[in-house]
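Have a look at the structure that comes next, please.
Chain naming follows the written order as A, B, C and D, and within any one chain the residues start at number 1.
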Amino acid sequence: MEFVAISLLNGITYGLLLFMLSSGLTLIFSMMGILNFAHASFYMLGAYFAYQISSWVGFWPGLLVAPLLVGAVGAAVERYGLRRAHRFGHVAELLFTFGLAFVVEEVVHLIWGKVAVDYRIPAELDGTLFTLFDTSFPIYKGFMMLISVGMLVALYALLTRTRIGLIIQAALTKPDMVEALGHNVPRIFMLVFGGGTALAGLAGVIGGNAFVTEPGMAAAVGSIVFVIVVVGGLGSLGGAFVASLLIGCIQTFSVALSISITDVFALAGVSLPAGSQVARLTITQLAPVLPYLLMVAILIFRPRGLMGARES
Amino acid sequence: MKSPFLNRLALAASVMLIGGSALAQVKIAYIDPLSGPFANVGEAGLKGFKEAAEILVNQKGGIMGQKLEINGFDNKGSPQETQLQLKAAIDQGYRFVTLGNGSGAAHSLIDAVNKWNARNPDKTVLFFNYAAVDPTLTNEKCSFWHFRFDANTEMKMEAISNFMEKDKTIKKLFIIGQDYAHGHQVAKYTKEMLAAKRKDIKIVGEDLHPIGRVKDFAPYIAKIKASGADTVMTGNWGNDLSLLIKAAKDAGLKARFFTYYAGGLGTPQAMGAAGENLVLQLTEWHMNVPTKNTEKFALDFNKKYPGVWFYYLRVNNMVEMVAKAMNTAKSTDPKAVALALEDMRFQNDTGEVWMRKSDHQAMQPLYISIFSKADGKTVKHDSEGTGYGWKTLATISQRDSQLPTSCIMERP
Amino acid sequence: MSSRLVTRSRLLLWGGCLALALALPLVFKSGFLISLLCQMGIMVVFSLSYNMLLGQTGLLSFGHAVYYGLGAFATMHTLNAIGKDGGPLVVALLPAVGACAGLAGGVLLGYVTTRKAGTTFAMITLGIGELVAACSLMFPGVFGGEGGVSGNRVIGKESFLGFTWGPQVEMYGLIVLWAFVCTVAMFALTQTPLGRMANAVRDNPERAEFVGYDTERVRLLMVILSGMFAGAAGGLTALNYEIVTAETLNAHTSGVVLLMTFVGGIGFFYGPIIGAILITVMQIVIGGMTHAWLLYFGLFFLFMVLKAPGGIASLIAVQRNLWNAGLFGRMLPHYLAMALPVLILLAGLVGLVELTYALLAGEGVGAGDTATKVLGMQLKLGSPAPWVTALAVTGTGLILTRWIGNRAGAAWNAALATLHGDKA
Amino acid sequence: MSAPAIRIKGLKKNFGASEIIRGVDLDIHRGERHAIIGPNGAGKSTLFHLISARLPVSSGTIELKGENVVGLKPFEINRRGLSRSFQITNIFHNLSVFENLRCAVLWSLGYRYSFWQRLAGLADARQRAEAVMEDIGLGKRRDTPAGILSYAEQRALEIGITIASGADVILLDEPTAGMSNTETEEAVALIRRVTEGKTLVMVEHDMGVVFGLADRISVLVYGQVIATDAPAAIRCNAAVQEAYLGTSLNHD
């Protein structure tokens, strides 16, 4: 019971973190149809900007300024890069963001060096929030969860309750019509891309000190973010949220289970040859690759994703 | 269609020519990642080598009057690229190569060197390994042309288990590691050695996780906590280690972590306060081992290269031992140098380093230390500016980490 | 258009390329250069196989290294299993084992991945690539763990026509032959009904369905065949390096082959050949000169995506068209005029990047910590002089490029207009 | 006489809650030229999409030459001898005119997924593609990429691809949409020529084309066929007049 409760808590925490990482990507995809390969790079930029700002003026200004800076960088990337690539089609867009990820990583090397930087949790948030069966739960994790849920609510409200959100939605499906109504569609796209990257930046500000701020951090989360977005259904915010929680919990609980593949097959009535390498694997060992398995399975059986509207 | 190709090759050839016009120097090619994700470790190593060559050899008269020069070759961490860079180095007249990062690259290099030497007996090449710790390199795959200056995984475990044997507070042990060869080896040796030395230690859990893919270690920590372990053994390095420690701190886990690589470049900084009194490491040296010369060397080094922290005493050992071997043999022929290195006993300021002849594995004193708050006394120096440094808990003598080898060496 | 397979000009071209490739070691004798040539040969096959997907079928894959790696491991295990029973002839044929493994992988994974095209395909290949890469480390028995699987390509006491494959130059010959056979085969494939229908599926999958073709089947067959050639390339890499590690099938390898193919040009059969050669040389030569090569590399790639999405091959093709139309002479002065400002701009930018790198990474380690070599000169990093100079050079280059570029651009557009006007 | 070319019974299609095709029954005889007309939004294109399996059927049956084809995939229907064109030009943009047509004939000549035969060696495919190319008047544009053809040329190519495979049931979706008068005349002549002896079903807005070309006409209004008859009878049909033609014809 105790273990289950703690695992559930861990799963939800992790899931919310994943959502924080992927919400910006989902936003960009649902609005512009662009799968931004460099999304995690903006996450990394957020962490580094926050590190730099917090080393000058402290964490709290950084929390506000760093995402805005990242958003500005993102908007510039859209304006001067993606928009040009767009003319050559979706493959060119994907390739552009793919190349961008390379460049961002190298620029980070160039500016901040190749080792982890000392980006710390602010003293106000350092400590234990509550203790559940003598396992402590840090304040910072609670803060992360709060921001993540806040993001969901704010995004949802923005898209469905505000005028700008409605225009954005319309610009996606009927860009010519929206343009004819006097709205500047390219600018809307630029804002959306800037907004999406700013969300990634915010995730970086918060994730950077909870984990480690180093040049490899983008590559480390890059692929899991895609998994979330694909499993949730490309472009579905709700889907991304559900997928994040699902993957968070699957991963946490599979770590907790110490049964081997042999046992799993035995449940299904199949006995594996003892001593083979597959038979020795445990579910725990597989935990971190389960999301990828889930993604492949989803793509085969339900290509729209859990809650996606469009197919590809 | 082929003309840009030819131009490029001409360019390549000219680059080689410039590089190839070497003076009367003894040159060692440092083949390690100098770009890409592991470049930080590779660059730090190269700086260490250059500094050691300058201070410990060249300023003391060099090698038979010649200067020792160590130059970097970027293998980008790839085993294939390692072989290309080996060829490049050989073309430029290098007869000595050194490599430390990545067992894949090390295996690739030892194979390539063996084959090259068999196929080109007049242009042999010698491989000095300063950090690749796969035991097979000095056992099944041992080679006359390979010398290792770092203790291998098995020896390190032998040292750690000898320490555990005496520490009766250890009752329940949990093993966690990265799911690849090194992690598997650590888990295997831990179980084997403890079964022989401390039957009463209960192994309460064993987990492997894919390397570099775990973002949140909280579930693993929950499991360790649920198992009631008081001690954790891990071979993790880099982020997999820092994140593990951070998660342990967050969840308030009160177990000690025995590690191989907690002192590795960047890790103390990434762990920060989370590691205090929680993390132990096994090394051949650390800043708070009272060694006058090395301490000064390290302080000078850290001052000279801000952001890079002196870590590899074995690099100094290697450079000095190689120079000594060349001076004794009065030759820079790889075979002669190899013969002079065999069975060499070298005094550094932690004790004696012995290069065992049977498998070309260096034996040296090792230290188990714990990450503690720097106090200016026993913990005189902090690590990477964190305010925490390493405090020696035990010294393992050279003899206590020795293990038999299965090496059957083919000698030329 | 001739209907005969072997025309004289085609024979001359292919034969000439083969002869040239085989003759290269006569010029480039050093061990390093021959190794470099070997690497190029392998990459040519690999990236051509990749272009069967990207260029010919319109499938953007992020997991092509899986087939390459499978081919490499299968070849290495077969080599080791044969052991002393084999001889050089058997070894020479081993890449065929790699090809079979790649083909089998293609059948298995292609079935999963080709259900969808477009972004979904890209995503599935990414996921499968990650999955295979992660699993490769979990099964040390098959993939050799971190150390990989190694072997010896020299087996048996006999030689085959004097070849043992021991010396690198003999290996080079073997690679050239295999690369040649594979290239011819892949070219031939583009001239078959399946090859053409792959183009049709790329251009308009819906239409392809309405002329009777099952697009999934076309994609699947292309993935299988492409996997086969990638497997053959993997087999060659296994023989060439005599070691295969898990890295051969990870995302990085997939990314590199994507870069090579795209930079070379996906719209032309020979594009990937150019890309493979160019990128291999860039990696090694520029990588040998500066540790900032990855940055240059990334910027170069972005530049290509934005300015020349058809790759280098398309640039060559345009020049050829201009030449044929007699317009090349008109553009040449503009090209020459552009060369100088572009060089100045590049020099300035490279200077800035290198200075920053040197300042932050302490590149010129050894002598002094503030002096370093940039463009062959000793510079004091602490003083403003080199920075001001680099900035000034960059600025000058920028202004000149803009200024001359505008005029050259106008001429370029005029030339293109004439070219298309002639055609229409 | 054997089974009709196409027999549709009780065909329905709904998108979510809205029903677009509301129970269509229609027989198309072999060898006739049949036009489907109706106001915008009546479901004409949707009907085509259902017949050619571009969209899945909600309920009802479609028989092609006596065989139920509901649930088959587009390529399977195509292989059974039904070929269609699209309202929005649907060609292989990066391939030349000749390659477009050759792609269209490959399957019907039995080359399937062959990767062991050379295209250049397939004389029958070449001849057939060239014949169609001459037929549609694009002989001079043989090596031009389809993407840079003029609009009328692309429409001609679209028809060419549709008929190239030699299918005996041809569906043309607004073949003359967006054409000038002379272009339309040429297109009508072309359609008449290339569908000789085949079954033709077309959706068309241009009443001149419809009444000039069709043997029979069906009128589709709000997802239902309200009349099917010879052109002269359709003109006089009261229901048609009321629902649709009254205004439209008087205006012409």
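Everything below uses one rule, namely that a residue touches a chain if its C-beta (ideal position, glycine included) is under 8 Å from a C-beta of that chain, and two chains touch if they have at least 3 such contacts.
Computed from a predicted structure; not experimentally measured.
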item	value
Contact-graph separation of chain B and chain D, given in steps at minimum	2
If a chain touches chain A and chain C alike, it appears here	B
Greatest separation from chain C - chain, by CA centre	D
Distance between chain centroids, defined by C-alpha means - chain A, chain D (Å)	47
Whole-Å gap separating chain B and chain C, where each centre is the average of the chain's CA atoms	34
Chain C and chain D, separation of their C-alpha mean positions in angstrom	44
Residues of chain D touching at least two other chains	none
Sites on chain B at which at least two other chains make contact	39, 43, 179, 208, 210, 213
Residues of chain A whose C-beta touches two or more other chains	109, 113-114, 285, 288-289
In contact (per the touch rule at the top): chain pairs	A-B, A-C, B-C, C-D
Complex contact set, residues of chain C against chain B	17, 20, 28, 30-36, 39, 134, 137-138, 140, 145-148, 150, 152, 166-168, 237, 241-243, 245-248, 270, 273-274, 277-278, 281-285, 287-289, 291-294, 312, 316, 361-362, 365-366, 369
Chain B residues touching chain A - in the complex, by the definition given at the top	37, 39-40, 43, 179, 205, 207-210, 212-216, 218-220, 222-223, 225-226, 239, 242-243, 246, 250-252, 265-266, 269-270, 272, 307, 385-386
Chain C contact footprint on chain D (complex, rising order)	52, 54, 73-75, 78-79, 83-84, 90-95, 99, 102-104, 106-108, 111-123, 126, 144, 148, 161, 164-165
Chain B-facing residues of chain A, complex	2-3, 6-7, 10-11, 13-14, 17, 109, 113-118, 120, 128, 131, 134-138, 140-141, 210-212, 214-216, 219-221, 224, 251-253, 255-256, 258, 282, 284-285, 287-289
Interface residues, chain C side, partner chain A - complex	54, 58, 60, 112, 115-120, 122-124, 126-128, 130-131, 134-135, 138-142, 251, 255, 258, 262, 292, 294-295, 297-299, 301-302, 305-306, 309, 353, 356-357, 360-361
